[in-house]
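Note that the chains take the letters A, B, C and D in the order they are written out, and that residue 1 is the start of every chain.
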Amino acid sequence: MYKFPKDFLFGYSWSGFQFEMGLPGSEVPNSDWWVWVHDIENIAVGLVSGDLPENGPAYWDLYKKDHDIAESLGMDAIRGGIEWTRLFPRPTFDVKAHVERDEKGNVVSVEVPESSIRELEKIADMKALEHYREIYADWKGRGKTFILNLYHWPLPLWLHDPLKVRKLGPDRAPAGWLDDRSVVEFAKFAAFVAYHLDDLVDGWSTMNEPNVVYQNGYTRPAGGFPPGYLSFEAERKAKMNLIQAHARAYDAIKEYSDKEVGIIYAYTWPDPLREDIEDEVRAIRERELYSFVDAVHFGKAADIEEREDLKGRVDWLGVNYYSRIAFDRVNGHVLPMPGYGFSGERGGHARSGRPCSDFGWEIYPEGLEKLLRDLAKRYNLPMMITENGIADAADRYRSHYLVSHLKAVYEAMKEGADVRGYLHWSLTDNYEWAQGFRMRFGLVYVDMETKKRYLRPSALVFREIATGKEIPEELEHLSNLDFLVG
Amino acid sequence: MYKFPKDFLFGYSWSGFQFEMGLPGSEVPNSDWWVWVHDIENIAVGLVSGDLPENGPAYWDLYKKDHDIAESLGMDAIRGGIEWTRLFPRPTFDVKAHVERDEKGNVVSVEVPESSIRELEKIADMKALEHYREIYADWKGRGKTFILNLYHWPLPLWLHDPLKVRKLGPDRAPAGWLDDRSVVEFAKFAAFVAYHLDDLVDGWSTMNEPNVVYQNGYTRPAGGFPPGYLSFEAERKAKMNLIQAHARAYDAIKEYSDKEVGIIYAYTWPDPLREDIEDEVRAIRERELYSFVDAVHFGKAADIEEREDLKGRVDWLGVNYYSRIAFDRVNGHVLPMPGYGFSGERGGHARSGRPCSDFGWEIYPEGLEKLLRDLAKRYNLPMMITENGIADAADRYRSHYLVSHLKAVYEAMKEGADVRGYLHWSLTDNYEWAQGFRMRFGLVYVDMETKKRYLRPSALVFREIATGKEIPEELEHLSNLDFLVG
Amino acid sequence: MYKFPKDFLFGYSWSGFQFEMGLPGSEVPNSDWWVWVHDIENIAVGLVSGDLPENGPAYWDLYKKDHDIAESLGMDAIRGGIEWTRLFPRPTFDVKAHVERDEKGNVVSVEVPESSIRELEKIADMKALEHYREIYADWKGRGKTFILNLYHWPLPLWLHDPLKVRKLGPDRAPAGWLDDRSVVEFAKFAAFVAYHLDDLVDGWSTMNEPNVVYQNGYTRPAGGFPPGYLSFEAERKAKMNLIQAHARAYDAIKEYSDKEVGIIYAYTWPDPLREDIEDEVRAIRERELYSFVDAVHFGKAADIEEREDLKGRVDWLGVNYYSRIAFDRVNGHVLPMPGYGFSGERGGHARSGRPCSDFGWEIYPEGLEKLLRDLAKRYNLPMMITENGIADAADRYRSHYLVSHLKAVYEAMKEGADVRGYLHWSLTDNYEWAQGFRMRFGLVYVDMETKKRYLRPSALVFREIATGKEIPEELEHLSNLDFLVG
Amino acid sequence: MYKFPKDFLFGYSWSGFQFEMGLPGSEVPNSDWWVWVHDIENIAVGLVSGDLPENGPAYWDLYKKDHDIAESLGMDAIRGGIEWTRLFPRPTFDVKAHVERDEKGNVVSVEVPESSIRELEKIADMKALEHYREIYADWKGRGKTFILNLYHWPLPLWLHDPLKVRKLGPDRAPAGWLDDRSVVEFAKFAAFVAYHLDDLVDGWSTMNEPNVVYQNGYTRPAGGFPPGYLSFEAERKAKMNLIQAHARAYDAIKEYSDKEVGIIYAYTWPDPLREDIEDEVRAIRERELYSFVDAVHFGKAADIEEREDLKGRVDWLGVNYYSRIAFDRVNGHVLPMPGYGFSGERGGHARSGRPCSDFGWEIYPEGLEKLLRDLAKRYNLPMMITENGIADAADRYRSHYLVSHLKAVYEAMKEGADVRGYLHWSLTDNYEWAQGFRMRFGLVYVDMETKKRYLRPSALVFREIATGKEIPEELEHLSNLDFLVG
């Protein structure tokens, strides 16, 4: 029935900050996220949880164990990360690179020649680089696929100091993506990594969910992201720099690699709750859901003018999907509705009656199918599900979540979507940013005290599916919500 | 860690009335339970659910499929049933047997010679017998263990007509276990089955949970059992006849079999909520929990005078365990407390804070360990867990339930309890008596419309354990209640 | 808007067993209900709560206090009770009366002459009679209305011993309403009370909710009523004797009184959940809702043949209403649906989404309006709401319950129903039969330890309405369910 | 028992922005809060509810009706407001005033002579002033007490434009309390109002809950307050300007009035969950709870150096109290604990087991008693409860809330606290800032469509208490949480 192609990949994704730390010696203290989650004022007002990443699952040291488990669950592929700050604890500003700007100041080209790589090596922590090689090599040595994503949120403190930004304003402190120099430095970092690690990599991604960075960072202060600043202008600025950073990193990787380079985006499904607002919601998708990738694929977007230097910078598309955003007309405006999608009741139900995760995220697999069909038509690119999963400590809904979303992928593929694999978020519990350890996304439970790993029942369901590359008939019903109530 | 002996059996239990029906031709209409659950007055006042057993999982026809699944889950053993009414739709009163009574009228001996077997064959539905052979043989043919239990609640209508009893009183209608003749007829039935099926059987049980029959039938009318009669005298009478019926059936089986003959009892754990009532609760256990098996093992019990003809009639003990009964002192009396054990909140929590099943039964594995240790000391008999499971349609707690109760078994064995196996209740969803299909006890979900079987995630957990005959380290944490909340 | 007539009565109802006891000396131990709720076996199996009536609100001693409160809340009327057992702790069988039976053995006439009254005085507890005079006189002395109801459930033990019935069967123990003599003895009791107390009484009722007695007593064993016997035959027998008992008591009162004599019935509203079963539900109403009163008003009913001696025995009709019974078609039958009406979730919501009382009774005022309109058309009798209220310890819904049901009464009156008053159940918390003290129906909270009385906020709402004999505009919204959620 | 002094005042509080609007012509569009709650981006990201104040309870037009109700409920006193923007839609910068600054730039004195009043009259909307006179006079004309509070949050757009601040930063847009000029302009406004309205006023307050303005505005962005800016520096700056603004407004009022001038503060009770952190929590109180009022009373505070010009500027203290903040030690820090106080479960329970309001605020009257005793000892000032109430649409807990908090006041008074009155928040439902109309704080329900007013049952409880100036014995139990569950 639900049979996936033989070369369809099953696996999981991880990121540095959320997984690596846990045992002494693995800390990376000089990043924006590190100071942000340690800031006592942030903790005191409840912006962040008070949980600390140095008490995490310790993948830096225990990667072999996790790779063993991943293999035992039938996984073929991993999308991993690499911490910018770990490699470059000190500024790279002074390393030369050929930068071209257009008349508006846009960075339209960055070249990072081998001589620059040499200079970067002097600044870099080469031991950390070596350790990353060992981690990746352990997985590759099992005959598996490895995709490397370069940026997954923490920025070096020399590039972004959110506590200073808050105190002094973005003009008088390292402002991260608000600082135009970020584009060039990121390209250097990308070139450096591609130069050194391309032999272990099957595919590249420049960055993970740039949209969450600029939205949560600048216009959703309740999310607890640095710098927690409320400014729609700043959001726009950060977005434009991230777009350019992606394009320039794409170019930089291509200098040293002939693998495919993609981007991973935080997708959702803007979903009209009533028929008569479909046009408005479609317009919202253009502006908010598709704009970023449109820019780096078509070279222009609904809200971005055409630029040749952005065009054609996506070889493959990483799709992260968790839930929908439901829209309704309220007081004359078409608006996201509380009680649905990402704002359901934690551990309870959405207003639709569907169950929610521990995070309050409505389980809504239909959104993934609709999204994939839309993306396939729009871009005609190879895609991979690079994140999909659920915060569900008790493993109450994870089997259902997994099977129902895999069915959605299957259905979209049947309609022509070119999806190459499914990477679950995630293999193990990990550090969920401002929420800390409370949100548990693992197929595998981690006792953060002892660092021991234990399978959740859903891990066995994953194994059944991954080993056969199909949803076996005897597990199909798990996709059915009715099953959850008898 | 939690390694069971190599010959420890994993499997499941089924009963005729709850599993067999579902496809046309499999109905057994002339039993007390059949008329009881079809009675429109019973349905109208809500004593029974209105669900009907003829819409059940259809094991009578689909047994091969279920055996396939059981085998795939690593099961070694089944405890099955046989419907008295199916074999004997017509009365057996006229078949001769040598019956001895003492001066008080007690049936102290019944002999069922081969000539009686011949007479019984003329009355019996021999095609039904043949079909049972096929079912059992299919399982035995896989090199597995089969235990046969003779009585699992429905009585032939010619022996018990609960609707007439209700109308006319127990003196003027077939009164089931209130009728002394029931003892003898049951012995005939037992001899007949042993004579014909012993070659397919590895071990015998006379009856399943006789205590539920006499309690729910006569003094817990809210349970919805026939005849729903409120009389503590009748309860006592039925209990004494069941005790005698067991002893005489034991003797009858032994005439035609040299296998071990046991009894399956509905155990629980009477649990004092405060220390200063331990003596009272111990006394309650003597009178209510141990009395029946004491009678047929020691020949006497706290409330039963010694009788030689009852002594030594238990070769092995079947232990069914689901939850505890919590006791407290109220208005001066030591009483079962609502809100705990079997009277928690359906789908919610017990007053102890522990989660409850869909049935409202508190999850309380400690009770099983304490019980097994107590039973081991008291009887020094081989034991088998013959039922243990949870009504949990959404499979929210079943993995936890399974692992925590297996750990309890393991711990008791470590302290010397001689437990030979663990039979889950049950492989598939089935007909839960007065509750109908709403309470779903299956590792395997059954769509009662299509009769299709689907695995619940806990089935995979069961398989992990059963195939290795141990709780693997990576699943150990499932026994921990904390795991369920993160 | 919602203005009631000037002579419309507001007040409350009480019964002896539930209210009188609480302070030493007020106990009435020799009744069926007393032994039933004290029986340790009943308590142990959970049939009754274990709460004891001798710890009740102590109205026997504190009636002045309660009358003060009732007066302060604007009450005009009380419907009170009198305990048969208190007056006649010893049998009255030997007191002569002229009894006439028809050929079928029906009691078609009972005469209780003054000579019999004299004999009864010798048996009666005349001090108890005197104390009842004082209670009633205190209320009458305030210029208020008093209605006396004779039978509110407890029977003298010499007439009904439910524990013996359970042990020995109804033929060998005092069987209450299954014993034909009950009809005559009740007529004697009625005559005796009418003779002695008519001067203090403004209107008579023979009995309260006879239908609950025969239903819960014989076919709803889960309700915990004596004798908790499951027999549809017995139910029928008890019903016929209660019908005759009413008719003969009516006649007996009329010998000594020229006041109106009525009956109080436990009404509900059988409510079809779908249109296509309306005919079936209408037929159910005929058989189950209207049969009793039809018999004593028209002399015949859907299931009862015409008898001249029953006809015309209702001068006014007491309507007790709490919730509906919802019907649906299930497996081909039109049946009461769990989850609605009296079987909602305790303290939660019914499947309709409407809130439920602590007892799990759905709040459904529409049922009262429909019922009153139906009753008005059917009987054309004066009516009084003699019970209406809610078990709501936290007073969360009582104001809403009160106002919405009063609106229903108002609307029915507008359509022609001749309703003379509204008596709330009840002024104070009291002993709710098998449920004990947990179900709190009072406008006034009673601390059962200290016997102190405290107003619930709804009592103030009652006062606003009762003093003005209208629902003031500023309280109208309380009838609206939306108000309860904002 | 709980008898308050004869001159103890009962009443309620209202503010302009939350109550006045609702009928055409009453809008005040040019304030920061108006543009903030209308901003489509704010609505889209969920920072504000989308409810609009122009659909409010319409007190501007219906004040007589509300005063009627207040009077009928036994209220003696109102604390009302006046909208700065309504009086001064245009800037007052150019109006002269004598301003003195110290060497650090602090505004140590502002004089607003009558000539300035004249100039202000030319700018002011004198019709609006006249309408306020009518409102206040209607209440005073009933022989009642009126307290006027000058600032309750909205600032004129010419002084604070939060959307521009967000876009351009606080240096390039009207920055409200971050702009030092705010101190002087507020003093002018205060002088103007005192000059014109002192004859109708019994007591003055300069501002309501300044701490909420600077906390929610600058460091609690999830609260949805303008400008939703995350900066602990800005918070400090705004706080210092508000302190000076109070002191200068105090002086300005005194120029034209000899009434007492106070300040109303948002108090809570920082409550240690464990004994061993009491010292730390006491220190937190010094820095965060007491600092503002310390500054304007003692002239210095834990975190503020002494200034003569701030000293002695509080004649009376307005205490707003809703819930506690519970502290525990977490990861070594003493921090506010989620799940208690203001962060309980909406409509559910706090982790303490206590019920929460619709807002999720834990009901915790003990905090009020402790607070009042602490304040009495610290300042020895006359106090008034100027806000206390609960968002409870269904009126489930309001009676309990009211009585339990009044008992807390009583107990504190018994120990010496000089509390002059209790003003409930509030008489009617109103516009709850970023939350809109969902949070309903009224004793009186307002249908925002029709503007009709309806009493909640708790209003009748308030009346019982206010008219007798005591908690009558028969209502005392409402303070007991146990009462809410039976």
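Criterion: a residue touches a chain if its C-beta (ideal position, glycine included) is under 8 Å from a C-beta of that chain, and two chains touch if they have at least 3 such contacts.
Computed from a predicted structure; not experimentally measured.
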item: Touching both subunit C and subunit D (chains); value: none
item: Pair in B-C, A-D or A-B that repeats C-D, with over half of contact pairs matching by residue number; value: A-B
item: Whole-Å separation of chain centres (CA-atom averages), subunit B against subunit C; value: 44
item: Distance from the mean Cα position of subunit C to that of subunit A, given in whole angstrom; value: 67
item: In the complex, subunit C residues that touch subunit B; value: 40-41, 43-47, 50-52, 166-169, 219-222, 227-233, 330-331, 333, 335-336, 338, 343
item: Residue ranges of subunit A touching subunit B (in the complex, touch as defined); value: 69, 358, 393-396, 399, 438, 440, 445, 447, 453-455, 457-458, 460-461, 463-464, 474-478, 483-486
